[in-house]
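Would you mind keeping the following structure in view while I ask a few things?
Labels run A, B, C and D following the written order; every chain starts at residue 1.
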Amino acid sequence: MLSGLAGVPVWVGQIASSLINIIALLVVFLSLFALVSVLERKILARIQNRLGPNRVGPFGLLQPVADGIKMLIKEDIVPARADKVVHFLAPILIAATAILALGIIPYGRNMTPFTIDGGILFFFAIGSTTELSVFMAGWGSNNKFSILGAMRAIAQMVSYELPLLITVLPIVMVVGSLTPDAIVAAQGNYSLGILPHWFVFTPWGAVAFILFFVSGLVESNRTPFDVPEGESEIVAGHMTEYSGFKYAIFFMGEYLGMFAVSGLAVTLFLGGWHAPVRILEVVPSYVWFFLKLSVLIFVFIWVRGTLPRTRVDQVMNFAWKFMLPMAFACILAAAVWHYAGHHLIGWLYSLVVVVVVYLMLSRFIGTGKKFAPRTYRFAE
Amino acid sequence: MSNWIAAHLWLIPVVPLAASFAILSLTNSRRSLAASLAVCGQVVAFVLSLAAFWPTLQTPGYRAFHNFTWFTFGEQALRLGFVLDPLAAVMLIMITLVSLCIFVFSVGYMAADEHFTRFFAYLSFFSAAMLGVVIANSLLLLFICWELVGLASYLLIGFWIHKPSAAAAAKKAFITTRIGDLGFFLGMLWLYGRSGTLLFYDGGNGALEQTALLSLGASATFIALLIFCGAVGKSGQFPLHVWLPDAMEGPTPVSALIHAATMVAAGVFLVARVYPLFSLGALHGVTASLTVVVWIGVITALISALIALAQPDIKRILAYSTVSQLGLMMVSLGVGGVAAGIMHLLAHGFFKALLFLGSGSVIHACHDEQDIRHMGGLRRVMPVTFVTYAIGMMALSGVPLFFSGAWTKEEILHATSLWSPSRVPYWLMLIGVVLTALYMTRQMIYVFFGPRRTAAEHAHESPPVMTLPLIMLAFCAIVFSVVLTPAWPWLHDYLSGERPILNFGLFIQQALYLALVLVALGVGLGILIYRRASEIDPVERALPPVFHFLRNRMWLDELYDRTVLALARFAAQLSDFLDRYLWDGIVRFLGALAQLFASLTKGFDEGGINARVDDTADAARGFGQLISRVQSGQVQVYLSVIALGMVALLIFYAWLT
Amino acid sequence: MTPTLQLFLIISAALFCIGLLAALSRRHAIFILIGIEMMLAAAGLNFIAFWRFGPQPAPPTGVMITIFAIAIAAAEAAVGLALVIAVYRHYRTTNVDQIDQLKG
Amino acid sequence: MSSLGFFLIAIFTLAAGLAAATMPKLIHAALCFALTFVGVAAFYFLLGAEFVGLVQVFVYVGAVAVLIVFTILLTPRDAEKDRSFKWSGAWIALVVFGGLLWAILKTPRLGTAAPVISALSVRQIGKILMTDYVWPLQCVGVLLTAALIGALVLVMEEKR
C-alpha cells in the first residue's frame, strides 16, 4: 500500500509497510479474539439453556477484559524441575505461528497482508510448527499428564494434517496456483448473477469443504476432538502446568488458530471476499469476508456445544480410514469436474464419483466391532 | 608205412616221456605198475625204432625230415623238426635196446630201494630225452633235449639224496657239463646269427646244407669248436672229464645206462651229426677243428687209461675205461673215420653196458662192496656173471675175431694211421690199446681170480632177472661183430650210405695181426704183474710215486680246485668285498651327504624362511589389528575417518595444482 | 558486502562443518541424525546458491535437486530415528560409544 | 538480495546450528535444530526459491523435528546424562572447515554478485516436476513409501 513514498531507501519502505500490516492484523484479530471468547461462552450458555456471562459490561461484553485482568493478576507458577526455557517458549511459539498463518489470508480486495507465491503452502508450513510447540509445552512442564496430552494432541494433529492438505489439493489443481488471491479471483464471477462460482457449490468442493472444516476442528483441538485437554481425563492436557498469562496466551493461540483455519476455509471454498450475489458487489469486500468468517466461527462454537468428545482411537480411525480416502475421492471428482466441463453434466459426474466413494467407504468401514453389551458392576 | 614213421618220428621220445610222467603220478607203493609201465614204454620205443630202421635199409643215404614252426615272433618263425637217417636209426635201436636191458636189470637191482617208482620215472625220462637228442633235426631241439639229458643225469646220479657224496657228485656232473653246454650254446647262437636257421636239413637251406655252409665261411671252425665244447663236457673229454668217475655214486644201472652207453655217446653223436661243420673247407680231410678234436681225444684216452690202472673201485675203473674209449672215438671222428667212430660207439655201448651190469651184479652179490681189493675168487661162485664179464672184457680190450670191440678198434687204428698231419696219435693209440687190455686183466684177476677175500666170502649168484640181461648183452657183443668185419662191412657202408658187398677176401687184414699182438702183450703183462694180487697193488710196490699220482687221478681235481674254484671263490669274495665296502660305502656316503644337505636346508628353512614368514605373518596380523581398530564399531569414528579422508583428498588436490 | 556466491559457499561449508561437529562430538545417537540432516541441508543450500548465482536463464535443476534431497533426507531421518528407537529398545542405550557390536 | 538480511539470517542459522550441536540438554538441541532449518529456509527465501524454503520448513520443522523430539521422548534413559562433549570431533570438524574454506577461496570467479532473476513461481516448478522430473518424482514417491513402511517395521513392538 505505501510503496508510493519515494525518496526513502527501499528497505525502510518495506519494513514500514510490513509493520503497518502487522499492527492492523493484530488489532483486528485480538479484538475479534476477545469478542469471540465472550460470544462462545454466551452461545454455549444459550445452547445449554442458560444466560452466560452478563454481569461485566452490557450483556457481559466486557467479560474478556475481566478475564484478561484475571489472567494477568494470577500468579504464574512454573514447575520446579520443569525445563524453564521450553516451558516459557511454548505459548509464545503457538501464538506467533497462529498470527503468522493469518498473514497470508486475503481479507478484502488486495487486502492481503503478505502476498507470497506459495501462500497456501506457507500456511501449512507454519501450521505444522504448532505440533512442535504443543510438544514443547507438554515436555516443558515435566508432568506426566501434560506429556500424555501433548502426545495425543500431536498424534491427532499429524493425522489430520494430511486430509487438510489433500482437500486443498483439488482447489489448487483447479485454480492452478497456490496464491490465495488467485484462488479468490477464480471464484469471482457468478452464473446468472445469483449463483456465485464458489467452490463450495461444486460437488467435490462441498465434500472438500466439509472435510477441511472437520480437519480444521481437529487442528485447533476444538470440542469434538479436544481430547488433548479433555478435562475429565487429563486435566488440561499440555496446558496443565500453565497458569496466569501463559495460559491466556495459549487460549489466544487456540482462538487465532481457529480464525486462521476458518479464514482459509473462507478463501478456499466460500469465495473469500466475494459477495454472494453480483449486485451485492458494491458492499466492501472485507465485510463479506468477516461475515463468512463469523458464520464459520459460529459453527465452531455450535459444534462445540453439541457434540460429545470422541475417543482417541476413533479420531485416528476416522482420519485414516474415512477422511483420507474421501479426500482422494475429491481430487478425482475435481479432475472429472474439470475435464467434463463446468456446467451441469460435469457437476453430475463428479457428484456421482463422490457419492459412490462415500457409499463404498461407509459400507466397508463398518467398525464391525459390535459394542459389547453394557455391563454394570456394583461396588462390593 | 615208411613215410608214416618218418612223419611220426616224434612218437619214439614221447612214449617213454608219457610213461615217466605217468609213473611220477603213481605213489611209491605201486612198484610193479611203475616197472611195467617203464618197460612197456621202452618196448614200444624199441619197436618204433625198428620200424624207423626199416625204411633206411631200403635206400642207401636215406634222409626224411619233417619241420614244424614252434612259435613265431614278429615275422620271424622259429622252426624245429626231426630227421630220420641211418645215423639216427642206428642210434635209436642201440639206445632203446640197451635201455630195455638196463630197465629189466634194474627191476631186480633196485628191488630193495624204497624210491623204486621215482627211479623208473627218471630212467624213462632220461631215455625219452636221449631219443629226442638223436632224432632232432634242429640244433635248438637237440640242445633242448641235450639239457634234459643233463637234468636226467643229475637226478639219476643224485638219486640217493641221503648220501652227501652222491648229491655232490650230481652237482659236480651237472655243473661241469653245463660249462661245456655254455660253449655249445654260444656256438648255436653264432650259427643262428650267421646262417639264419638252426635246422640241419630244410630242403636245401638247412644249416648243414651247402648254401648255409658256404655262407658261414671262416667262422665255421669256431662254431664247430664251440659246439665241440658241448661234446667235451657231455662225453667227459680231457678238461671236463672229472665229473664222470664221481658219477659212479649213482646206482649201477644208472652208471650203465648213462655212463656207458647213451649219455656219454651223445657228445660223439653230436660231433657226428654236425660233422659237415667240422669238415668244411677240409684240405684232404683235415681242418683245424678236426685236429683239435684228435688231440683232445688222444690226451683223454691216454690219461684215463693210466688212471684206470691205479683205481681200487670196480666202477671207477670202468668209468675211466669209458672215458678212454670215448677219447678213442673222438680221435676216429677227428681223423675222418666217422663211420668207424659210430661203429665203435655202438659196439662200446653194448659191451660197456654188459661190464657195468656185471659189476652191478658183483657189487650186489658182495653186499654193495665196490673195492676190488676186498673181492676175489668169484669165478666159481658166480659162473654166469664171470663168463659174461669175461666176454665183455675181451670185447673191450679188442680180442680179435669173435668180439665186436676188436673190429671197430681195428677200423679206428686203420683210420688214424691214415691221418696225414702227424703219426703221433697213431702210436699213442697203440699204447692206449695195450693199456686198456692191461687194466681190464688187472680187474679180472682182482675180482674173479685169486683167493676170496673179505667181501666175497658169502657171495652168491644174482637172480635170473639180473643174469638174463647180462646174457643178452653178451650175446649182442658177440653177434654184433658180424656186421663189423671187413668182409662184410655192412654197418660201415650203411652208415656211409654205400651198398655193402660181401667179400671174404678182406676178412683177415694185416691190421688184425697187429691187434692180436697188442692184446696179447697187454694181457700177458697184466697176468705177469698182478699174479700175486694182494691188498697192496704190485705197481704201487714197484713205482709208489707214480701209483699214488695215478691213484689220486693226477691230482686233477685238486688242480681244478686250486685254480678254477679258487678263482671263482676269489671272484666271489672280491665282489662281496666290493659290494660290502665300495658300493655300500658309496651309497652310505651319498646317504650321509643327503642327510647333511637335508639338515642344512632344514636349518636354513627353519631359521631363515620360516622365521621370515612368521615375521611377515605377525606383521600382517599386527597391521590387521591396527586396521581393525579403525573398525571400532563406533559410528562417529567412521564419520571422522571419512572427514579426514576428504581433507586428505583436498590436500592432495592442493598438492597437485 | 552484497551476498556473493563465495559467501554463500562459506556459510554452507560452515553449516556443513557444524553438522559434522554435531555428528562427531556428541554421544547420543540422535545427534548423528541431526548432524546428517544439517549436512544435507548445507548441501541443498549449496545447490540453490549455485542455481541463483549461476548463469541466469538456467533451468531450476538445482532447485529440483534440493527438493528431492529434502524428500530423501526426510525419508532417511524417519528410518534413522526408527533405527535409533529399535537400537535403544534392544540395547537399552543410545550412547553411540557403547553401540559397537559391529566391532571389526 | 539485501546484504543485511543475508547477514542476519547467516548469523541466526549458524548460531542455531552451533547451539544444536553443543546444547547439553537434548530437547534444547532438537529445538535449535528446528531453528537452524528455519534459518536455512530463510536463506532459500533470500535466494528466491520460496517454494523450496516452504518445503524445507514444512518437512524439517514440521516432520523431522517432531520425529526427533518423539525419539528423544521414547529414549528416556540417558537423555539427561548426556553431558560429555568429545573435542576430537570438534578438531576434525574444524580441519574439514579449513579444507573447505581453502577450496572455496582458491576457486576463481566466485565473487560475482547475484544476477537479477524473476522469482521462481510454484507453477514453473510444478510444470517442470510434471514434465522433466516425472520419473524421479515417482521414484521419490516409492522411496518415501518404502521408508515409511521400513520405519514402521523397525519400530513395531515385536509381538513375541
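Going forward, contacts are C-beta pairs under 8 Å (C-beta built on N, C-alpha and C of every residue); 3 or more make two chains touch, one makes a residue touch a chain.
This is a predicted model, so every value here is computed, not measured.
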item: Least step count from chain A to chain B, where 1 means the two chains touch; value: 2
item: B-C against B-D, pair bridged by the larger set of C-beta contacts; value: B-C
item: Closest chain to the centre of mass proxy, which here is the mean CA position; value: C
item: Centre-to-centre distance between chain C and chain B (centres being mean Cα positions), rounded to whole Å; value: 117
item: Chain A and chain C, separation of their C-alpha mean positions in angstrom; value: 33
item: Distance from chain D to chain B - Cα centre to Cα centre, in angstrom; value: 123
item: Whole-Å gap between the CA centroids of chain A and chain D; value: 28
item: Multi-partner residues of chain C (at least 2 other chains); value: 20, 23-24, 35
item: Contacts with two or more other chains, residues of chain D listed in rising order; value: 51, 55, 63, 70, 86, 88-89, 92-93, 96, 100
item: Shared-contact residues (touching 2 or more other chains) in chain A; value: none
item: Topology of the chain contact graph, where touching chains are joined (line, ring, star, complete, other); value: other
item: Every chain pair in contact, whichever chains are involved; value: A-D, B-C, B-D, C-D
item: For the chain B and chain C complex, residues of the former touching the latter; value: 627-636, 639-640, 643
item: Residues of chain D that touch chain B when the two form their complex; value: 86, 88-89, 92-93, 95-96, 98-100, 102-103, 106
item: Footprint of chain D on chain A - complex, ascending; value: 11, 83, 85-86, 89, 116-118, 121-122, 124-126, 128-129, 131-132, 135-136, 139, 147, 151, 154, 158, 161, 176-178
item: Contacting residues of chain C [partner chain B, same complex]; value: 20, 23-24, 32, 35, 96-97, 99-104
item: For the chain C and chain D complex, residues of the former touching the latter; value: 1-11, 13-31, 33-35, 37-38, 41, 44-45, 48-49, 51-53, 56, 59-60, 63-64, 66-68, 70-79, 81-86, 88, 92-95
